[in-house]
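For reference, chains read A, B, C and D in written order, and residue numbers begin at 1 within each chain.
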Amino acid sequence: MDFSPSLAAREKLEQLKAFLREHVQPAERVYHEQLSQGGGDWRRWRQPAIMEEMKARARAAGLWNLFLPGTAHGGSGLSNADYAPLAEEMGRSFLAPEVCNCNAPDTGNMEVLANYGTPAQQEEWLQPLLDGRIRSAFCMTEPEVASSDATNMRATAVLDGDEIVLNGRKWWSTGLGHPHCRLLIFMGVTDPQADKHQRHSMVLVPIDAPGVEIVRMLPVFGGFDEPSGHGEVVFRDVRVPASNLLLGPGRGFEIAQGRLGPGRIHHCMRALGAAERALELMCQRSIRRVAFGQPLARLGGNVDRIANARIALEQARLLTLKTAWLIDRVGAKHAMSEISQIKVVVPQVACDVIDEAIQMHGGAGVSDDFPLAALYAYARVLRIVDGPDAVHRALVGKLELRKHLPAPFAH
Amino acid sequence: MDFSPSLAAREKLEQLKAFLREHVQPAERVYHEQLSQGGGDWRRWRQPAIMEEMKARARAAGLWNLFLPGTAHGGSGLSNADYAPLAEEMGRSFLAPEVCNCNAPDTGNMEVLANYGTPAQQEEWLQPLLDGRIRSAFCMTEPEVASSDATNMRATAVLDGDEIVLNGRKWWSTGLGHPHCRLLIFMGVTDPQADKHQRHSMVLVPIDAPGVEIVRMLPVFGGFDEPSGHGEVVFRDVRVPASNLLLGPGRGFEIAQGRLGPGRIHHCMRALGAAERALELMCQRSIRRVAFGQPLARLGGNVDRIANARIALEQARLLTLKTAWLIDRVGAKHAMSEISQIKVVVPQVACDVIDEAIQMHGGAGVSDDFPLAALYAYARVLRIVDGPDAVHRALVGKLELRKHLPAPFAH
Amino acid sequence: MDFSPSLAAREKLEQLKAFLREHVQPAERVYHEQLSQGGGDWRRWRQPAIMEEMKARARAAGLWNLFLPGTAHGGSGLSNADYAPLAEEMGRSFLAPEVCNCNAPDTGNMEVLANYGTPAQQEEWLQPLLDGRIRSAFCMTEPEVASSDATNMRATAVLDGDEIVLNGRKWWSTGLGHPHCRLLIFMGVTDPQADKHQRHSMVLVPIDAPGVEIVRMLPVFGGFDEPSGHGEVVFRDVRVPASNLLLGPGRGFEIAQGRLGPGRIHHCMRALGAAERALELMCQRSIRRVAFGQPLARLGGNVDRIANARIALEQARLLTLKTAWLIDRVGAKHAMSEISQIKVVVPQVACDVIDEAIQMHGGAGVSDDFPLAALYAYARVLRIVDGPDAVHRALVGKLELRKHLPAPFAH
Amino acid sequence: MDFSPSLAAREKLEQLKAFLREHVQPAERVYHEQLSQGGGDWRRWRQPAIMEEMKARARAAGLWNLFLPGTAHGGSGLSNADYAPLAEEMGRSFLAPEVCNCNAPDTGNMEVLANYGTPAQQEEWLQPLLDGRIRSAFCMTEPEVASSDATNMRATAVLDGDEIVLNGRKWWSTGLGHPHCRLLIFMGVTDPQADKHQRHSMVLVPIDAPGVEIVRMLPVFGGFDEPSGHGEVVFRDVRVPASNLLLGPGRGFEIAQGRLGPGRIHHCMRALGAAERALELMCQRSIRRVAFGQPLARLGGNVDRIANARIALEQARLLTLKTAWLIDRVGAKHAMSEISQIKVVVPQVACDVIDEAIQMHGGAGVSDDFPLAALYAYARVLRIVDGPDAVHRALVGKLELRKHLPAPFAH
């Protein structure tokens, strides 16, 4: 047993920390000034120039595409367990993931293209994504149905000769509003009669394909996460060549499953970074603010809250790291319970810690004088995306019960 | 013991429900269209015309100033216990409180003027407020200190001949951005040497007095509660006649205490109304949405969550009603523990219920397709305003312990 | 709305408090000395003589059968709402309920006999119970099945001419080990084909009827609640006259339902009394014990824990009182949700408060130097008896959801 | 990073599991029959013969003193991280720790003697303990004061020539009632003027030294943990040779600190084993019991409860393993926060999981038909022994805050 990160991970982490301290934190103010602040009117969103400058600098420094395992396609050669602490560090900043080309959903989309794309697909879409020249979105969730149950999906992807025809309404497609967004990965039903895990296809769709209509950006607790956004989009008889299919018809579910393991590690580690930042702010505030003649840290149960936050974060991080290690060791398929466990517990812990930090800050905590309200909104949404708590909790419970069933019933 | 509301309360409640159903709910869409949506630029905020129409209609219907106890000044004659269910009903709507001239902080300010104002003060400020012609703000909380401890207050209100000179920075002054806001009630230290409950004064300040500078409106989880807003304001050598003092120098704390009892009932009951609305939406969603072949209501612990919400709300409401009844019976001074108890428990219960409702709605819950994210922000802030949870919890604990102390130590 | 108890209730409560202070608390030590301490060997259990003395004194003082509503059969004339605070007061003492002839399950059994018994049944069994000359048990729960679902019941009560033949195994029959126990109320299936609410019958069974075999007493966290006990009993072809049937064949469920409403009020109020006692001990301990130079009350979150306990107890009590009032007003049938709500929340709150009190006492808390460990065991079991939390929570949730169903589905 | 146990640990674990399955579980019934069941009358307690047989078998199999690090004194050569999973496995059984000579407090006492004892002390006391021929107790906690604050200690250990004189009252000395108990390690104040960490001494005391009076055994939720027990003992002018001092006068605190790190790992891992056993029983019950036509596992939130238990246990275990690894790596002194973190979280998680398991079992859960009530009492006490939650939570919070203090204040 060894709980220390690898040497490669430790070195990269130190480098990343220094980079964020020197190049990203000082740029935050300019970034927000350059943001067009268009609110819900996403057509006016612009990419702040300083972001592109930071991206160039990160790439030059070798802090680029760190998420990508292996060394093909310019991957970092880091394992999931190695990358995890880097993702946590990036999660402390709203800008760092994009700066390092490690932001969702592009990471997942790049992994999909790297793992399942044809050379032609990789040349057309993967390379520009790896270069940070374009952005992409993932179009899976639908507004009309409970998308936590994939079999509810209504969108269709029907083969018609050498074309595939897409119809459906999708929402919560993160990144859809980004001025650089060029690629949509669309998921739809190809064969409704097939086994429920072989019905869906994934298709690569240029954002400017005829029939693609972006309806609106969705607010999260009133914020739009400009300039990426979370979009609602309609596909009306969108036709693309059949060669835009990923892996083949009916293999969408298979791809989605493979996509989710590492993605959940990333999400969870970033959420832990966000929560660590909140805990730091909470500690600092509790030391500096005075009431009733004492720093807040000495009043009532405040020190207990800080301790509980620390304990919860340590545990949640260890579980996430172990899950990353398991994925590296035995593959996501054999870490299904753990992957769902972290999906349940980490966003909840992050919400709890950030919420306590908000409370310690009083009114300042819900304002934008501190990043806490924005961090809360970010963490809160994680309890919903990629499957809500309830679905993952149910899976963990089912896998636990299965251990106690006679073999033939344990399916 | 009798848990049924009085006949007067029941009748008024039926009338109010019908009014909201017929005149307010249908107007919500127009109201939001008429809102100028200026975001943080509060100088562009406008009062939607339809609000004034609804106000006129509510006043004509006798659904006006219901919060005001007694019958002087056009008060409703309703007790706190009678008014409580009406406040709950209004809390289900973001518009109803203003429509009925029952919105904070004007309610508290009107009570202060009715109870402590001179006839001249009442003529100048109370009557326009009672008529709904102007709005007001309450300037107490300060950004530089932990305002949960009133003795931290730094703002000053210094007598200088027949004038009083105000200096200080205040924030979270709700209503400050309203286009109709004319009156600020300012609280500052007059005699720093006096007993800690006799240092502060309250002063009536016209919003256009020289030296009053509104700095900005503060966002709450990104939203500005337009067109009322929560403002930060600087007072720089603001001079007003000494006759603008309320009750007299050094009596600010006394007024503040009297103001808070009923105000907390109002806040708590409105929060319960908000939470009831969230629970309704949660139930409806859980019945209509289907996953894994079942309505969500039948999956996992969802029915438990609904039951827990119902149980928590029933309990919190009863405690609030009892506290209202106690204030009516024995006065706020003898209901201090109960007033703090509801301040601790009701906003927390409301947050929990609304949060579960959000979760049941998935992505829709955090968007603005449902009022849930806005309700959450509203309820979350209640854990901070009027004293954060921690201060009230500490008071409840102290009063509980005092029962067990030998008399001389029980102070 | 009126939250004050009736004059009759207030007077009785003062009298009861004085009686317990003067006659019961001082007798506790002797009582425990007189207990034979037979542990699991219930055949050696004896009724302490001092209990009979206290019973005689309570009866003489008019503190007898207070639970019995109405004035027939020597009932107290108190409503459920009136009796509730008296039950709470008795719940503070392990002895008081029996002293006042207000202990479960005799109270429920007496109610059943008073409401549904024939004059002959009342003469034979009700009168001696009302006199406190005999004790009784209620035989419903079964070890082999989940008794939370009444339709699981396996015991049978089959008519055979003018006799009824009973078979089955029952457990958790409280009072079965009492030396004075003479009557068992047995519930079994008479007609398995009938509607699920018309299958069961209730039958009066003398404890010495041939075929009744008491197997053992069951420990609760290692304690046996001597000399009452919770027993396991087998009925093997037990034959009693058909006139021992209560109300008639197939009407057992109907009786059980009627029995449960007031019984749950009693259980919950006693549990609140137990929790209040724990909170008192917790406060006293936290004031007197010193660590790190301060009384425990001043350390960390201890004062928060005390506040949380007070807030939880106030709310739980109000909900219970309201439920009692509802039963008085509209009957248990129309208070089903509330009756289940208190069954969920009160035992849980009591467990939580007692558990915190234990923790504040350190090692002393789990020992028998304080009543806390025994109070905990008592409260913990209440989460199971009369239907576990889960069943009541499910009912509350179902009734809540039903409000939102179209009428024809709302059954 | 590597989350897999070492080869040595894995092999030992397999061997231990097989041994417990083959030799300990089948002996449980006989063990309990051989227990004299004297209840509180500890003078009648006898060591069941079968325990000695199992001990001999375990020793022969090399499953003996596994807890002892290093290889001196017949230690296992296992690190804390290696031993941790073995402790968990033993925690599943009430008998296993003693069978393998790995039970508290003998483990801690043996470590103390091994680390700090003189050769003479080791020969007299360590060897018989290592052989399992005698048992020992640790006399630290006192009834009159809050022992969570070591400076409260009242017992004295005063040097008088070549003797040391002991006075004081101790309680919760586990193992004191064991028929084989021969050695007490007594802690008392030697120099009240010294720095607070250099006041106390530890002294080896034969149980039959004149002046040692065992007053009673203390029940835990009514149970006495026969034949070990938790005792209260008075030391009245007990004189032993000064050579019985451990390490030297004033060095008791230093020893106590060193004793606690590994001891807390052991406690926590055993508690996790206990909780895992409870979760297994919970799963099995939820599969087999049927209500409302479904196994309990399918009803309401039961599957959520199982999932939450699994998630909590995984996290708590990882934190404990990491802490063990830290102790191995950098020593207990540099793992103070982690050691306190596990002390806070593991017993609470264990209590929660066992409590849910009890609830799933209904009445059977609180009886002795299942080990659950006993497991609960065991886990509940762990929240108190070795420092209550509150003390450890406060330490974790303090260490967290210290990270944010300017260096000179960070002490």
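Couple of notes before you dig in:
In this section, a residue touches a chain if its C-beta (ideal position, glycine included) is under 8 Å from a C-beta of that chain, and two chains touch if they have at least 3 such contacts.
Here the structure is a predicted model, which is why all the values come from computation and not from measurement.
Matched by residue number, over half of the contacts between the chains of A-C recur in the interface of B-D, chosen from A-B, B-D or B-C. Here the CA centre of chain B is 53 Å from the CA centre of chain D. A separation of 43 Å divides the Cα centre of chain A from that of chain D.
In whole angstrom, the spacing between the mean C-alpha positions of chain C and chain D is 38.
For chain A, the set of residues that touch two or more other chains comprises 300-301, 303-304, 390, 393-394. Viewed as a network of touching protein chains, the structure reduces to a complete graph with every chain in contact with every other. For chain B in complex with chain D, the residues that touch the partner chain are 300-301, 303-304. Looking at the complex, you find that chain C touches chain D at residues 37, 39, 141, 143, 145-149, 151-152, 171-172, 218-223, 289-292, 296, 299-302, 358-359, 362-368, 373-374, 376-377, 380-381, 383-385, 388-391, 393-394.
Interface residues of chain D, counted against chain A in their complex, comprise 1-6, 81, 279-280, 283-284, 286-287, 297, 303-311, 314-316, 318-319, 321-322, 325-326, 337-338, 341, 344-345, 390, 393-398, 400-401, 403-405.
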